[in-house]
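Heads up, the next two complexes both have subunit A, just with different partners, subunit B and then subunit C.
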Partner chain A sequence: MGQVLRHEVLSVLLENSANFLSGEEISKRVGVSRAAIWKHIKELRNEGYEIEAKPRKGYRLIYRPDRVATEEIQNELSTKLFGQQIRYEPVAKSTQILAHQWARAGAPEGSLVIADEQQAGKGRLGRVWYSPPKTGIWMSLILRPPIPIQQASHLTLLASVGVSSAIINQTNLPIKIKWPNDLLLQGKKICGILTELRGDQDKIEYIVLGMGINVNQQSDHFPSELKEVATSLAVQGKQSYSRASLIAEVMKELEYYYLLYLEQGFEPIRNRWESLSDLIGKKITAKTPQAKVVGVAESLSSDGSLMVRSGKELITIYSADIDKE
Partner chain B sequence: MTLKMHEIRELIQLIDDSSIDEFELEKDGEKVSIRKAKPEVITQQVAAPAAYVPPVAPQAVPPAPAVQETAPAASAPAEESTDTDLHKIVSPMVGTFYRASSPDADPYVSEGDTINSKSVVCIVEAMKLMNELEAEVSGTIVQVLAENGQLVEYGQPLFLVKPS
Partner chain C sequence: MGQVLRHEVLSVLLENSANFLSGEEISKRVGVSRAAIWKHIKELRNEGYEIEAKPRKGYRLIYRPDRVATEEIQNELSTKLFGQQIRYEPVAKSTQILAHQWARAGAPEGSLVIADEQQAGKGRLGRVWYSPPKTGIWMSLILRPPIPIQQASHLTLLASVGVSSAIINQTNLPIKIKWPNDLLLQGKKICGILTELRGDQDKIEYIVLGMGINVNQQSDHFPSELKEVATSLAVQGKQSYSRASLIAEVMKELEYYYLLYLEQGFEPIRNRWESLSDLIGKKITAKTPQAKVVGVAESLSSDGSLMVRSGKELITIYSADIDKE
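Take a look at the complex of A and B:
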C-alpha cells in the first residue's frame, strides 16, 4: 500500500517537475495527509531522487536516478497495449522465467517483466546473458499473436526491427541487425533477443520476447570474455542514457511494428529489416547445426530465413551463427 | 495440351507403381517432367526441401516420385511398426530439432518416458524462435524419430507415443 502511494507521489512530482507543488496540493491529488506525503518524499530521497523543498512553495523534483521501476516507465509510455501491465523486480533470476509463469497464469498480451539485475539471464540454448544491476535493460514481453505457428518466427525479426528503431530514435547510433536478430554497434553486440514460444502442434499459446540491451555499462564493466564481442550504448555514444525512457520507446516501436505486421503482414517488416541489416550482398559464413555454409547473403525470404548463394546453389538458412568475412 | 492437376496426380501414381525412374512429356511447348527421388540419404541437410514426404512403407519400396526439381525428402525416419494406435507428434514448423534445453541438459523426454499433454517434448528452432513443443497427448514415448540438431520439416513426425 505504502509503495503504491509512493508511486503516486512520484508520478505527481514527475508530471510537474518544472514547478513547485505545495504539500497541500500533492496531498489533495494523492488523497493522503500532508504528514504522509512528507514520509513518502523522504523514502523517495532514500531511493536516490533529489527533491527540492522550499518553504511556502513546496516540492520540486530535480533529479531522477536511472531506475527502471514501473512508475518511471508508465509515466513515459505512449502505447495502448505494450507495457500497460508491468511487473518490476529489483533482482530476478531471469525475466524469462517470470514471464512464462505470468503468461501461464493468464497475463494479457503486452504484459512486461523488468528486472534491474538478473542473476541467471537466459540466452539461447542454455547460454547465460550477462545482466549486472543498474546498467542495462533486462525485460520480457508477453505476446499472444493470432497467427499460425509456422509464421511465429517473423516475430523474432520484427523484434529486432522494433528495438533497433527505438535505440536509433533515442541515441542516433548506427545500429545494424545481424541475422536473424542480434543488434550490433561497430560489430559488437549491443542487444540480444530470445524468443520463446509455448504451444502445441497447431496453436500458439503465448510467446515471451526476451530482450537484453547493454545501455550504461562502461567498457571495464564487461568481463574479459565479453570485451571483444559486446559493447554498450554509453561506450559507443560517450554519454549515459535513461533506461526508463528507452524502455518506453522500445514499447512504442515494438507495438507499432507488431500492429503493422498484424494488419499488413511481413512485407513491411522485411523491408525495414533489410535496410537495417548490413548483411545483404555481403560474403558470410553460416555455421548451422548441420553444416558450414560459405556464400553471399542474397535476401531475406518471406518466412524470415536467410537465402545464401553458395556457388550455384541457393541455400536456405533457418538456424545459424553468421559471421561476415 | 494443358494437363489438369488430377491428370498429373494420375501420372505420378502410374510412374510410382512402375519401374520407370524418369518420365518426360513435351507437347505444344509445354513440358512435364517427373523423376523419382534418389533413395540415398543426403549428407548436407541445409537447403529446405519442399513439403515433407512421409515415408510410404518400410524397406525395399521404390522411392517416392517427385515432380520436377523437388529436393529429396529429409532422411526418412524408419517406421518399424505399423501400429495405427500410436500417436505421432509432428513438427509444427521448419526448423532445427533440439531434444534438450541446452547442450549440457538432459533430453526433455526419452523412449519409455511417461508424458502428459502439457509435457514439453522438444524445441524446434527457426530464426532463433525457440518453440517449446507440448505433447498434446498423455502416454508413453515409444520412439524418438529425429536426431538432435537435425533440420526437420513442417509436419515431420518427431515422436511416436502410445496414448494412455
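Take a look at the complex of A and C:
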C-alpha cells in the first residue's frame, strides 16, 4: 500500500515537474494526509529522486534517477496495448520465467515484465545473459498472435526490427541486425532477443519475447570474457540514455510493426529486416547443431528461415550461429 | 510403500501365471513376510484380480481386470525409449497438465503419463475430451525431437500414423485418419490427438503428445451430444480389448515411426499418412479461424500443412475443422 501511494506521489510530481505543487494540493490529489506526503517525499529522495522544497510554494521534481519502474515508463508510454500492464521487479531470477508464469495465468497480450537486475538472465541456446543492476533493459513481453506455430519465427524477426528501430530513433547509432535477431554496434552485441513460446497444433498459446539491451554500462563493467563481443549504447554513443524512455520507444515500435504484420503479413517485416541486416548477399559461415555451412546468404524465406547458397545447393538454416567471412 | 510391494507381488504373479507359486517363493522374491504377501493378495483381489489359492501349491493369477497401471503395461512393453518411465494416476484433471509439469522438471524423452479417468481432459481448440474411468486410454507422451519449431506439425502427423497402426495391429478395424490427426471408424471419432509444445527460436524444448482412445465404452456410455460423432473400438469390433496391451502397442508403433523420422525425415511419414487418410483427392470444406475454404485436398506440404485447390488458387491450411462433401 505504501508502495502504491509513493508511486502516486511520484506520478503527480512527474506530471507537474515544470511547477511547484503545494503539499496540500498533492495531499488532495493522492488522497492522504500532508504528513504522509512528507514521508513519501523522503522515501523518494532515498531512491535517488531530487525534490526541491520551498516554503509557501511546495515541491518540485528536479532530478530523476535512471529507473525502470512502472510509473517511470507509463509516464512516457504512447501505446494502446504493449506495456499497458507492467510488472516491475528490482531483482528477478529471469524475466522470462516470470512472464511464462503470468502468461499461463492469463496475462493479456502486451503485458510486460521488467527487472532492474537479473540473477540468471536467459540467452539463446541455453546461454546466460549478463544482467547487472541499474545499467541495462531486461524485459519480457507477452504476445498472443493469431498465427500458426509454423510462422512463429516471424515474431522473432519482427522483434529485431522493432527494437532496432526504437534504438535508432533514440540514439541515432548505426544498429545492424545479425540473423536471426542479435543487434550489433560496430560488430559487438548490444541486444539479444529470445523468443519462447507455447502452443499446440492449431495455434500459438503465447509467445514470451525476451529482450536484453546493454544501455549504460561503461566498458569496464563487462566481465573480461564479454569485453571483446559485447558493448553498450553508452560506450558507443559516449553519453548515457534514459532506460525508461527507451523502453517506451521499444513498446511503440514493436506495437507498430506487430499491428502492421497482423494487417499486411510478413512481407513489410521482411523488407525492413533486410534493410537493417548486413547479411543478405554476404559470404557467411553458419554453425548449425548438425553441421557447418559456408555459403552466400541469399534471402529470408517466408517462414523466416535463412536461405544459404552453397555451391549448387540452396540450404535452409533454421538455427545457427552466423559469422561473416 | 505398500503400493510398491503390491505391484511387486503382482509382477511376480504376472510373470508366472502359467504355474502355481508358493507363498514362500513369492515371499523370497519380493523380500517380505508370508503374512504380508497374504495381505497384498487380498488387496489385489479387491482391485478385481482373481487369484487362485491351493493348499501346498500356492497362488496362481487366473484373471486380470482391464487396468492401465504401470506394472500392467511394463509387462508387455517392447520399446527401448517410449513408456520406459510411466506415471500412472487413477484420477487426474488432465494428463497433459501433469506431463507439462514433468517435462519442465526434466522428464526424459519417452516419459508417459496415464490416467484411468480424466476430470477435465483437453481436446483440440480448447474443447473438452470426455474421459470416463475404466474404459478408455487417456495418456500423454513427452518428446524432445531435435527439430526446428517450424516442423513441429510433423510430429502431429507422425502421432496419427503411429496410433492408427497400433490400433489396426491389435483390432484389424479399418481406421482412417482425418486431417490433421483425428482417427475415425465408420466416420465416427475413435481417437483424438493433441500436440502441445514449448520451445524457442532455436529448438523445441519439448512436445507433449496427448492421446485419447475410446476403447471399451458401450454405445450407451457416451453422453447424448457425443453419440452421433464418437464411437469405441468395442462398439465397432463387438468385443472388448486389453487397454494395457494396446498402450504397449501404441508405444511400439510410435517409437518405430519416430526413429524412422529422425533417420529419414518426413517423407516416409507423409507416405504412410496419405495411405491411412481418405482425404487426398477428395472434395472438402475446411473451416479455418478466418474463413471457410471449399476445394480439393491436394497434398500434405513439407511443413505438414494441407494444400487445398480451390478454383485456380492453392490454399495452405494450418488449422481447420475438415468435412468431406
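We take it that the second predicted complex is superposed on the first by the 325 of 325 C-alpha atoms of A that agree within 3 Å, B and C clash if a C-alpha of one lies under 4 Å from a C-alpha of the other, contacts with A are read in each partner's own complex, and residues count from 1 in each chain.
The rule we apply is simple: a residue touches a chain if its C-beta (ideal position, glycine included) is under 8 Å from a C-beta of that chain, and two chains touch if they have at least 3 such contacts.
Owing to the predicted nature of the structure, the values given are computational and were not obtained by experimental measurement.
Q: Should the pairing of subunit B and subunit C on subunit A count as a clash or a fit in the superposition?
A: clash
Q: Should A:271 be classified as contacting the first partner (subunit B), the second (subunit C), both, or neither?
A: A:271 contacts neither subunit B nor subunit C.
Q: Please tell me which partner, subunit B or subunit C, touches more residues of subunit A.
A: B
Q: Quick check on the superposed pair: does A:195 touch subunit B, subunit C, both, or neither? Answer first, second, both or neither.
A: A:195: touches subunit B and subunit C.
Q: For A:291, select first, second, both or neither according to whether it touches subunit B, subunit C, the two together, or no partner.
A: A:291 contacts subunit B only, not subunit C.
Q: Based on the superposed arrangement, let me know which partner A:313 touches: subunit B (first), subunit C (second), both, or neither?
A: first
Q: Using the superposition on chain A described above, determine whether A:78 touches subunit B (first), subunit C (second), both, or neither.
A: Neither partner.
Q: So in the superposed three-chain picture, is A:146 touching just subunit B, just subunit C, both, or none of them (first/second/both/neither)?
A: Once the two structures are laid over each other on A, A:146 reaches subunit C alone.
Q: Hey, which part of subunit C ends up inside subunit B in the overlay, 7-15, 25-33, 61-69 or 205-213?
A: 205-213
Q: For subunit A, what residues appear in both contact lists, the one with subunit B and the one with subunit C?
A: 124-125, 149-150, 152-153, 156, 180-181, 194-202, 289, 303-305, 318-319
Q: Mind pulling up the subunit B residues that touch subunit A in the complex?
A: 44-48, 89-96, 98, 101-105, 125-136, 149-151, 154
Q: Which bits of subunit C are touching subunit A when the two form their complex?
A: Listed in rising order, the residues of subunit C that touch subunit A are 124-125, 146, 148-150, 152-153, 156, 180-181, 194-203, 289, 303-305, 318-319.
Q: Which stretch or stretches of subunit A touch subunit B in the complex?
A: Its residues touching subunit B are 124-127, 149-150, 152-153, 155-157, 180-181, 193-202, 205, 288-291, 293, 303-305, 313-319.
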